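Got some structures for you, see below.
What follows is subunit A paired twice: with subunit B in the first complex and subunit C in the second.
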Partner chain A sequence: MLNSRRLIIAHFWVAFSVFGLALILGAWQMFIRSPLASWLGNPEWYYRSVTAHGTIMGYVFPTLVAMGFGYAITETSLKTDLIGRRWAWAGLGLVVLGAVTAMVPVSLGKASVLYTFYPPMIGNPFYYIGVVMVVVGSWIWVALMSVNLIVWKKRNPGAVVPLAMYANVAGSYLWGWTAVGAALELLLQIIPVALGLRTTIDAGLARVFFSWTLHAIVYFWLMPTYIAYYTIVPRAIGGRLYSDSMARISFSLFLVVAMPIGIHHTFADPQVGAGFKFIHSAFTAVVALPTLLTVFTICASVEIAGRLRGGKGPFGWLATLPWRNPAMLAIAFSFLMLGFGGAGGLINMSYQLDSSIHNTQWITGHFHLIFGGAIVIMYFVIAYDLWPHLTGRAIASMSLVRLQLWLWFIGMIVTTFPWHYVGILGMPRRMAYYDYSNPALSDEAAPVVMSAIGGFILLASGLLFLFILVRSHFERRIEPGQYTYAQAAHAVTRVPAALNAHGLWVALMVALTITNYGLPIMQLAVRDDTSVPAVFVGERR
Partner chain B sequence: MSIEKTPASNRAWASASIAIAAVLFMSSSILGLVVLPSVQGTDPFTNLWDSICSAAGLPRRASSTDPVEPDHKISRVVLSTMPKAEADSVGRGATIALQCAICHGPTGVSRADSPNLAGQYAVAIYKQLEDFRSGARSSAVMSPFAANLSDQDIRDVAAYYAYLPSVPTNHASTAGVPAIVAYGAPLRGIAPCGSCHGSVENKAGSPWLGGQPSAYITAQLNAFAVGIRTNDTSQQMRNIARQMSKDEIAQAAEYYASLNPDGL
Partner chain C sequence: MSVEKSASGDVALKIERRWAAVSILIIAFLTGMAAYAGIHQAVMPQTTVEIINPTTLHMTGEFIESNLGSALEPDGSVTVRAVAQQYSFTPACIVVPKDTPITLRATSADVVHGLLIQQTNVNTMLVPGYVSVQTAKFEETGEHLMPCQEFCSVGHEGMWAKVQVIDKPQFLAMASNKRRLSCAE
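What follows is the complex of A and B.
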């Protein structure tokens, strides 16, 4: 039951269009700071581009995918009309308006502060106001997801919430709470300075606030991907979901432990005590748990598909899997990238190991592999899977889809593996210029060229993705039938109330935020000697 | 499908999850705040409470000795954007600036290898005059002049020179720009000159260098390098100048001097 098709398509098209633009910027950045290009001469252009790329890819693109997918899940899994469709359009409008408001000063070079803001650097206030509008627009979605679930529960007393909706609402609650950190940073710290009301800023406190958002935002990006793992892939490849309860436990755990771990992003910051860095490091280790549960459950679900297709023996089921099915191909790629990226992540979360790769290109490689790789490749699958239901037309060409997924996987590996390597060599990130003719850097030249080639492959794949989606609007009409989600291998008979509601998990999320962030924030907030003069960027004669 | 909604099951889920979260938090807190600081052996503090506070990030005065005093006067100026000058500030500044004209030129354009002040940022002029006045920067010529100026005088003079038409233009093209100005030397920690002093971007407190006399720029870089001039708040210019080669200093000075004000 998909009655809000236009709303959902609008979300996806805005998301994928800005994704295409940001991808072009990304490829240009890879090229311009590689030995393939002669240096551009003005680092400001580079930082302008990085700010736009990061803001779009970090805030606008995944948020719109989660929103559009969330509306689709609401209608298809609850089998009811979306409540508050006008509000949903208003939310989309606010996100678009915010994105434009933010991108104008960035394009003019008045806010080249990168998407993580980096106070005490201060850019044009409209950049920050635009980002706040994007967040507020997405909070409308959070509220709508909650309202839709509550109303559905009232209308269907005693019914079990479908897994996809349970996970979707968990993701929205996670975002609703984790975005508070960046919102506090912007509203209390950065925007007053950007507007000229204050001239100093507590950069340390601002960074702690941002870390509140910075790690859990990755799990918010991850939610649509995990929903696709659990509820789309097993159905698409003809398998069964191994365990519905395990899925619910994973999503609940994400809600609880994605939040109180962000200080591992500030290991090198002096304003946070070593003890709290350790606590956050320990909780970061715990967040591996729901991911490992997911890897186990999904591998088991895929194995069921292989065995249903006649696979025998310990490995025989691998050969009988439907490898020509895009969902199968994508989940294999996604898991490979999640595996490598996760292994790198274990190094980042360790206080001691992190110091060897902190602020190097290793980090850039890591988050591109996880987000751009493991997560975004499943966004493609979500789009391909939903498109016929949204447009009523077939997907243009399955072989082009397979080619696109292959290119994305190869491109991402070729981009990020050399990136990790040069990081170990000590290549710093966030720099616009590297003098590869210097003997100390000449080792980095070849891997950086490889990495740039990977960037071009990714660009080709991304453009191919957009091409397939456009073409599919003009394909023959089909009757896609009802949109369905994966069935559990064993019929779900009883679901514990705790895994049918979010209250307990939200309470734990808030409680752990207070225990893990309360003191670090309080001790900086009450001191009056922690502010530094703001550094205004974008001032030119 | 049904929901298992007995009070016993609800309680079991709630108490188990809260207990696990509490145990996780308590054990990691004890390890991070108590055990690790005390077994690592590098703890300079005297007792357990001090080391817990330190691990929690609560700064405590650990030493009773006085902080080390620098051997030179520190600049008192906190850099930020300058508030908008009052309407009559420029006029007052013009009167005071009559005494500056002999070196800095009647229109703020010098013929004596002194800095050209016409169109210079108010905040840059304010900082230097204030530093001359406080002694954070010293000059046989400038210090006596600055000693007699009030804070308002300095604001007025800064507003006046900032008001004068600036002559150098922003050369957006990088053709002929020396590497040290356009790229800096990242391996030696030298940021591009242009990223603060114009042609790429300007940062609060950094003067616009276009059209400044080569001799003046060279002299200041050398003064920073040997530590005669110390009024760069975070030592950024001393760190940069120390790392610059003689050639680079000459190239930067020549380049900025070559952006000549018209008519000179």
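What follows is the complex of A and C.
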């Protein structure tokens, strides 16, 4: 049952269009700061571009994918019409309006503050207001997901909530709460200054608020990908989900432990004491748990597919897997990138190891590998998997799809591995220009060229993705049948009450946020001697 | 659908639980390692939060211009004081002796900056309103680049300083006729 097709397609098309634009900016940035380009006359163009790239890729693109996918999951897993379709359109409208509102001042060079805001630098108020509108639009989706699940539960008392919906609603709650940190920073601190109502701002407190959002947002980006791992891939490759309850435990754990760990982003900051840095470091280790559980469950689910197809012995099942199936290919790539990126993440999590790579290109490499690599490649799979159901037409060409996925994987590895390497050499992030003729930096020239080439491969792959989606709108009509999710190897007839609802986990999420953030925020908020003068960018006042 | 337990279901559950236990052990090990490294002072984050007013840095307190640079302390250690501003560090070239405990004290006069000393693990944010403190010890003489590692607006790409590590006797000789040292002599 997929009756809100236009709504879902609209979300996906806006998401993928802005993704394409931001990808072009990203490739240009890779090129312009590499030794391949001669020096750019105005470095401000570079920071303008980074601000746009980060804002779109961080706030607009994944949010719209999660929203569109969320509506699709609601209708297909609950087998009912989406409640509040008009509200959903309003949410989309607000996100689009917010994105445009934010991007106008960015394009004019009046808000080159990067998507991480960095007060006391203050840009044009419309940039921040636009970002707030994007977030508010997405909160409509959060509310709709909640309402739809509650109504369904009332109509189906005692029934097991389908795994996809359970995870989807968990993701929406995570986003609803994690966005509060940046929202507080914007509404209480930055926007009053940007509007001229105040002239000073506590930069340290702003960084703590932002860290509240900055880490858990990654798990919000990850949610659609994990939903695809658990509920799409095993079905698409002819396997079974190894364990439904372990999947629920993983999603519940994400809700709880993705939040109280963000202070690891401020390890090198002077405004947070050592104690909370250690606590957040330890919690960051715990967030590896749901991922370790996921890796096991998904590998086991894939193994079932291999064995059902006749694979024997400890490794024989690998050979019989349907490697020409895009979902199979993508999950293999995604896991490889998740493995490398996760290993890097364990390094970042330790204060001691982090201090040799903090704010170097290593970090850029790390989150591009995790988000751009492991996560986004599964967004492609979600689109390819849903597209025939949304358009009623076949996917244009399976071999192009495979080529696209291969290019994305190769491009991401070629881009991010050299990035990690130059990070270890101490190359700082976010500079419009590096003097490669300096003997101390000349070692960085060759890896930077390599990663720029990786950037071009990614651009080619991204454009190919858009091409395939467009072409598929004009393919032959097919009857795609009902959209289904992976079946568990052992039928699920009952799940513990705690794993059929979100209340306990949301309560834990809020409680841990208060224990882990309450004191660091209060300590700074009650002081009146920590505010510093704002520094306006893009205009002279 | 049957509700009775199947034998294969039990096996699956057992394997799954075993893996969960292994995962928890891995995480406990990692956390333990971090705690061990912390307790044994490999590198530690600063323990106290120090506040400073960036608008009066140049007029009063330890970050007035004549007090910036490297200072030899009575206990033989060296304190380096530095200020970051759009788009430079003061001093632009820091000089330190090798094999000597160094305490770096730095802050920002305007926006958020950061500093890292290449080939070392000296790496800290500089947030206006707060003093960053970090300790270090250099085991070899030589020169390192010290870029600003946080975006600080349009001139960020030009914000590079240097750190010179020199032999201790040479440093002590320099320190005998000057209170605060930097490379520029």
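As a working rule, the second predicted complex is superposed on the first by the 539 of 541 C-alpha atoms of A that agree within 3 Å, B and C clash if a C-alpha of one lies under 4 Å from a C-alpha of the other, contacts with A are read in each partner's own complex, and residues count from 1 in each chain.
Everything that follows uses one rule, which is that a contact is a pair of C-beta atoms (placed from the backbone, for glycine too) under 8 Å apart; a residue touches a chain by one contact, two chains touch by 3 or more.
On a predicted model such as this, the values are computed, not experimentally measured, just so you know.
Contacts of A:L187 after superposition: neither subunit B nor subunit C is touched.
Applying the stated contact rule after C-alpha superposition, one finds that A:G426 touches subunit C and leaves subunit B untouched. Contacts of A:Y434 after superposition: both subunit B and subunit C are touched. In the superposition on chain A, A:A489 makes contact with subunit C only, while subunit B stays out of contact range.
More residues of subunit A lie in contact with C than with the other chain of the pair subunit B and subunit C. Within the superposed three-chain model, A:T515 lies in touch with subunit B and out of touch with subunit C [touch as defined at top].
In the superposition on chain A, A:Q352 makes contact with subunit C only, not with subunit B.
In the superposed model, A:I279 makes contact with subunit B only, not with subunit C. By the touch criterion defined above, A:L114 lies against subunit C but remains apart from subunit B after alignment on the C-alpha atoms of chain A.
For the contact definition in use here, the residues of subunit A common to its subunit B contact set and its subunit C contact set are 43-44, 271-274, 277-278, 282, 286, 431, 433-434, 438, 440-441, 491, 493-494, 523, 533, 535, 537.
Residue ranges of subunit A in contact with subunit C, taken from their complex: 43-44, 46-47, 50, 112, 114, 116, 118-121, 202-204, 207, 242-243, 246, 266-274, 277-278, 281-282, 285-286, 288-289, 292-293, 296-297, 300, 346, 349-352, 355-356, 358-360, 425-426, 428-434, 438, 440-441, 489-491, 493-494, 523, 527, 529-533, 535, 537. Contact residues of subunit C toward subunit A in the complex are 1-3, 6, 8-9, 12-13, 15-16, 19-20, 23-24, 26-27, 30-31, 33-35, 37-38, 42-51, 53-55, 86, 107, 110-112, 114, 116-133, 143-145, 147-158. On the subunit A side of its complex with subunit B, the touching residues are 39, 41-44, 158-160, 196, 199-200, 256, 271-279, 282-283, 286, 431, 433-435, 438, 440-441, 491-500, 504-505, 508, 511-512, 515-516, 519-520, 523, 533-541. Remark: subunit B residues 1-5, 9-10, 13-14, 17-18, 21, 24-25, 27-29, 31-33, 36-37, 52, 54-58, 78-81, 166, 170, 172, 174, 177, 182-187, 192, 195, 198, 200-204, 208 touch subunit A in the complex.
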